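Look for subunit A in each of the two complexes below; its partner is subunit B in the first and subunit C in the second.
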Partner chain A sequence: MPKRRKILFKLIIFIIFILSIAGCWNRRELDTLAIVFGVGIDKAKKPGNIEITAQVIKPGEMKSPQGGSGGGGEKPYWNLTSSGKTIFSAVREFTHKSNRKLYFPHNEIIIFSEDIAKEGIRKYMDFFIRDPEIRRLVWVLVAKGNASEVLETKAILEKVPARNIAQLIEARAATSQASAVRLQEFLTRLMSKTTAPIASVIEITREKKEKIARLIGTAVFKDDKLVGYLNKSETRGLLWVIGEVKSGIIVVKSPGGNGEVSLEIIHASSKIIPEIKDNNIHIRVEITEEGNLGEQTSAEDLTSLPAWTVLERRQSEAIHNEVRRALKKAQELNTDIFAFGEAVHRKYPELWKDIENRWDEYFPNIEVTINVNAKLRRSGMTTKPPKPE
Partner chain B sequence: MLRFLAKKLHFLQLLSQNSEDKQESKSRESSQTSLSRDITQNLKVLKDILGPSNDINIREFSFGYEEKVDAAIIFVDGMVEKTTINESIIKPLMYDSHLFTPKESQTITTSIDLIQRSMISVGDVKKVDSFDELVDDCLYGDTVLLIDGSHEALVISTKGWESRGVQEPKTEAVVRGPREGFTETLRTNTTLLRRKIRDPNFIFESMQLGQRTKTSVCLAYIKGIVNPKLVEEVRRRLKRIKTDAILESGYIEEFIEDAPFSPFATVANSEKPDVIAAKLLEGRVAILVDGTPMVLTVPMLFIESFQSAEDYYSRPYYASLIRTLRFIAYTITILAPAVYVALTTYHQESIPTPLLITMAAAREGTPFPAIVEALMMGTIYEILWEAGIRLPRPVGSAISIVGALVIGESAVSAGLIGAPMVIVVALTAIASFVVPAQSDTATMLRFVLTVFASVLGAFGIMIVLLGVLIHLSALRSFGTPYFSPLAPLSPRDLKDVFARVPLWAMFTRPRTIGWHDPQRQEFRLDPHPPPEESEK
Partner chain C sequence: MKLEGGKISSSHLTFLMIGFMIGSSLIFIPGQTAGHDAWLAILAGLAEGLVFAVIYTTLAMRFAGKTLVQFNDIVYGPYLGKAISIAYLWYFFHLASLVLRSFGDFFTAIIFPETPMIVFIVLTALICATAVRNGLEVITRCGLILVVTMSLAVLTTTILLFKDMKLTNFLPVFDIPLKDFIKASHSAATFPFGETVAFLMVICFLENVKFAKSSAIKALIITGLLLVMASVRSIGVLGVTAPIHTYPSFQAVRLINIGNILTRLEIIVVGNLLAMGFLKISVLYYGTVLGTAQLLKLRSYLPLVLPIGAMLVSFSILQFDSVIENIFFTFEIYPYYVIPFQIGLPLLSLIIAIVRGLPKD
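Let's turn to the complex of A and B:
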């Protein structure tokens, strides 16, 4: 019998330990959650305060057949706003308006309004790092205008604007002309001494009286303050260097002179190699790219070797130009968006100690060599343009 | 705790008293155990023992040419083959006895020998001199021949009763493979096995269990393959059983299993002779019980539940694929509701967003928490399943209509239960049929897991699963680790766990069971072209 008691004793100890090591947990049924899909942060009217817009979905409306003759046509989402001195206080403030508790793990985007970004966003990031419900995979965006307005744009193919924006970010890989920055990446850059944070830019365009969200370019931060924007081609120049180009179209002049040729980017990679020449820091950027011939508007046969070589050369020139433009812009803004500083740090850790604090002086004048190795591989389903032989 | 102790002690006391009583009654009877020389006296005693039952026939007659000798045959009507009695016992005695004239020197004792040797034309005849044995045999369908003046009787085997023929087993249907199944008759079952294994080392050891039912139990094993210690242990455990009735092999299973309080069965059973034969050939011991088509085998391994006879009859790739599928199905059947409950009440963040929306939409407006839904649907399913088994066949379709349509469809459309839960429970139900040997354990595990998932989430599921794993690794069946060959790991035996290797690559028997004669076959039996003849 003592054996039985011993087992019982062990069991009790076991259960006590189990129950005490469970971290923070809570039983919540699905119908007590307000699932947040997007968060927008604006300045509140009251100075010093911020206003948060949370886009919460209504699962019932999400499922019901959309539109039609139903008449009611209620939106499947609800944009709640609340304001407070800090983000956390504003988030808790939501409970006065929503019967369900806001649930953030499925949140996909955080949008900062332009004016808040210009003031500096470090103080608002803390909540997003600290709170266990926020994912590091959230996309960080800057809205030209108000963040709350962006969350009210019309999503035609999706039901919820926030989800639409998140998918826009995923779809931008087809052009590589807009940045996509996850919270993790943003924080890494924010916490680096030299590398400048970047974020996607979202703006509102009007098409047939509908407000449509449009993703374009890159927002560039100096430390934690928004200092400028990169346009489409500058953005791709940046992405070439940081190895984020997934796909896209490069349009070059046809070798014959009349017409254009579209080249599709299939694969790209890059290397940043810092070197020291004559006591000066010198950066060499190696870009390797592979593309396909995607379209031609001229009638000539481009698959001949000379034409093909010309195309390859023009392709690398185009890439070279894009990178050059991005570099110029970055040096103008004096923002190391390419993480050149980190590359130097890695290669010359001893030297870095000296220049770390003076990187701002080095960067605008740093000499950069760009080597592009661009190849054309295939010509699609046909070799010749459609014309009589 | 103390009360439990007291109860136990009381029970033990009763137990010892009981056995004393039995011994007493035995000694009382023993005064009349042996037959006397007087047939009328013998018949009187027999009538006393057998009582007034009208299925017991006593036929008195006399035979002999010059000098009539009184004789009697006793048999149980319905359990004997009448033609054998008429043609091979009575007829020779009554008509042909004139051919037999006892010589002067022969007494009746030697003449009973003569009758046994030259007159009874039945295969199995034996001499018996005690009433106990005589009555036992008589009640098992043999015919007793009493002859006046002899203190011995002849027991002539005339067993023959109505029995179900060899049919396809309902519980273990196969697409490819033998379709015969065991029957309720022990002799038929041993025949089915003997026909599969024609090895003189294949041994049937029989014994009687159950003081009142006197059920024949047969221990089968192949000498040379089986571990003799295992046979000894099985024999010891069977001999221990002193109960009044053995009606099904389940009775025996409960008396001999290693872990009576474990939810996991440590004794396997099957209805198919080919399955039992295969297990015997791996070095297991089979226990056949008269009156049931379910044959037990020990030791049992956990993995056995996932091995189907057909795995070995179909080609190895497909067999391995199906084997994997069974593991997946088992996982689904024990985990699906628990995981669903844990995900929807604790870990909403791990559900893909579009799926979460769908699930949340389905949950909108349902009145019960997920755990109540899960337990409710689980219980309803078990009720339907139980009803489906017990119902008379023609009513079966009514149950499926009520079950499927009314409860499944209407409960969802009435908003009582979320549609995903119905899907989860239905999936669970279907998956549980894939591993039938573990389906009862799976049901219990499923409920426990679901409750834990509702209290502690995925953490709770982990606790239960780890507990079960520890239990399984500690469990033994007749000295063999239950979870082998996985714990303890024996890499050689993994040939028949997750994948089933080709039969020609299974050189050895399972290490934990048949290691007495490890090699099953020769090496290099894989089909290959004949060696090329060297050019001359």
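Let's turn to the complex of A and C:
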């Protein structure tokens, strides 16, 4: 008899375990999810409220239509909007319109409209970092104009606009003239006492009546409020300093005077070194760059040593100027986008305690030396330009 | 009368101790209050923990073959000894319920928000109950496999995060007031290093008790290094944002992104937590059950497994209303609450044993 009871006991245990393994309590099947690819946040008409646009993909329409694109097929995405006092309440409002609950782990971008960003976005950040569904690898952008409109731009090579924008951000490495900021990086800057947050900027251009999203420049925040933008070259100036330049083209005048030369950036790195000189904080920025000769429009031979040296010098001057421009803009806006403050904190922790709260008074007048060590390495498949000897 | 027939080897003990200490500390990284100096706090805590471990193993070697409950009777006499043993059994029981609770909180907060917490707690407790019923040897063998896998997982996730780590996040080194640092390092010493006091219920089953001290010290050092690695990983990746997270390790591993292909690896952390938490709960559960049986002079501890398990489950659910209470207890009360168990009583026992020349053969 006891033996039988033991078997029964084991059987019960087995059944409990088997049931609990197969039946996940809050399982979510693919056909009950609305997968969000992008989120846009705008001001709602009602004061104090916000309007959220979520771009949800329609898996059925994602298949490439037979016999080429165009024609009958519907848009493979659906932009839902809803509004509320807080992000979370607005997100849940979606269920009044969508039969499926929104699913955020595949979200790639969060776009804030300009007006929202100008008022401060810290209060809207909390949801995105507290909710376990949202990943820190999403990109943070500021839209010049409405965020919802950006999510309706035409994506030609991609099916979903949000996907297209996320890939624009990854493609920006080819020019380094637009910032790319992930939520984690944005959060780190937002939590720093002195470093100013930055975000990518997305704007809408019209080409042949089509709305096209264009990623360019940098949005600069003071604390959590948008205060200004950096243009293309200022953005690259910023990226030189923070060591985020991946690639890009520097156009300089040809040493002989006629025509232009394109130099391709191959590799870049930087160092920020704070120093104390005559009781003043002084920042030295060391930038190392390597480039290749990519194109010339003049007819002269650039592969001679003297011309090569002139090119190298012009290259570092060009970098120098970009950094100067970024620095001027940042000091005008009084935003420490370069994290100079953190560098001082690391090197002079004792001094930092005194000036931490007054960094805003120091930063606009801080003296910065820029040392650029730019090298030209290779000249590509040819040496001399194609012309008769 | 023999309650436990099993014998464990010294290397098995090392692995089990590592698993025990890693337990829940891989997700609640100790020394967190020291900010970006948490790794230093862990090292300082390790130094303090080594002192604890030497005291425990000296005691265990002095009273070879006797568990904590048995030698308390010798040191303090039958009445006071029993009272102290009961206090210790309470501590083991409470600690096991705390770990169970952390499990439940973690799973409901992060992975399965709509599942009631009791489901995880009951299932985990059932698995641990099976392990305890099967005895110490089974638990130690699980330890061997699980600890090796866990160490590899910690190493892999750390390597995958190398490119996202910023060494500047660690500068300036030692940027907090000494008082706060000592508080953080003491909290790291009590959780997890000092918790090895539970092994006073286990060490006596060592094949050769001579190796107790060396295997305990080895275990503490390896654990310390693993925890430093985990804390370096979190601080390096999360920087100033680390302190606002409920589970920094989990958040750090979530950021792994190798070419958009190798992503979403956080489930590794969950697996680690499950495996190590299982070891920790099992050892504590085993200690409670065995100790109770010895205290009551039972012939077998098996009848106690399920009742005590049921108490564990209900206590772990009832003790806190929210995760905030749990965090408050863990960081503000726990470091002081454990002082008598982790250092006061063991040190006293050792002094009494030396002065009175115990055990008398």
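Rule of thumb we're sticking to: the second predicted complex is superposed on the first by the 357 of 389 C-alpha atoms of A that agree within 3 Å, B and C clash if a C-alpha of one lies under 4 Å from a C-alpha of the other, contacts with A are read in each partner's own complex, and residues count from 1 in each chain.
In the analysis below, contacts are C-beta pairs under 8 Å (C-beta built on N, C-alpha and C of every residue); 3 or more make two chains touch, one makes a residue touch a chain.
Since this is a predicted model, take the numbers as computed values, not measurements.
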Between subunit B (first) and subunit C (second), which does A:L187 come into contact with in this model arrangement: first, second, both, or neither? second
Regarding the shared-chain residue A:G60, is it in contact with subunit B (first), subunit C (second), both, or neither? first
With the two complexes superposed on chain A, say which partner A:P349 touches: subunit B (first), subunit C (second), both, or neither. second
Once chain A of both complexes is superposed, is A:L137 in touch with subunit B (first), subunit C (second), both, or neither? second
Given the touch rule stated above, what does A:I13 touch, subunit B (first), subunit C (second), both, or neither? second
Can A:R5 be said to touch subunit B (first), subunit C (second), both, or neither? first
Where on subunit A do the contacts with subunit B and the contacts with subunit C coincide? 25-26, 105, 135
Name, in rising order, each residue of subunit A that touches subunit B in their complex. 1, 4-5, 18, 22, 25-31, 33, 35, 57, 59-60, 62-63, 103, 105-106, 108, 133, 135, 163
Name, in rising order, each residue of subunit C that touches subunit A in their complex. 109-110, 112-116, 119, 123, 126, 130, 168, 171-172, 175, 238-241, 244, 251, 254-255, 257, 263-264
Residues of subunit B that touch subunit A when the two form their complex: 1, 5, 344-346, 348-349, 353, 356-366, 369-370, 454, 456-457, 459, 463
Contact footprint of subunit C on subunit A as seen in their complex: 13, 16-17, 20, 24-26, 105, 129, 132, 135-137, 184, 187-188, 191-192, 342, 345-347, 349
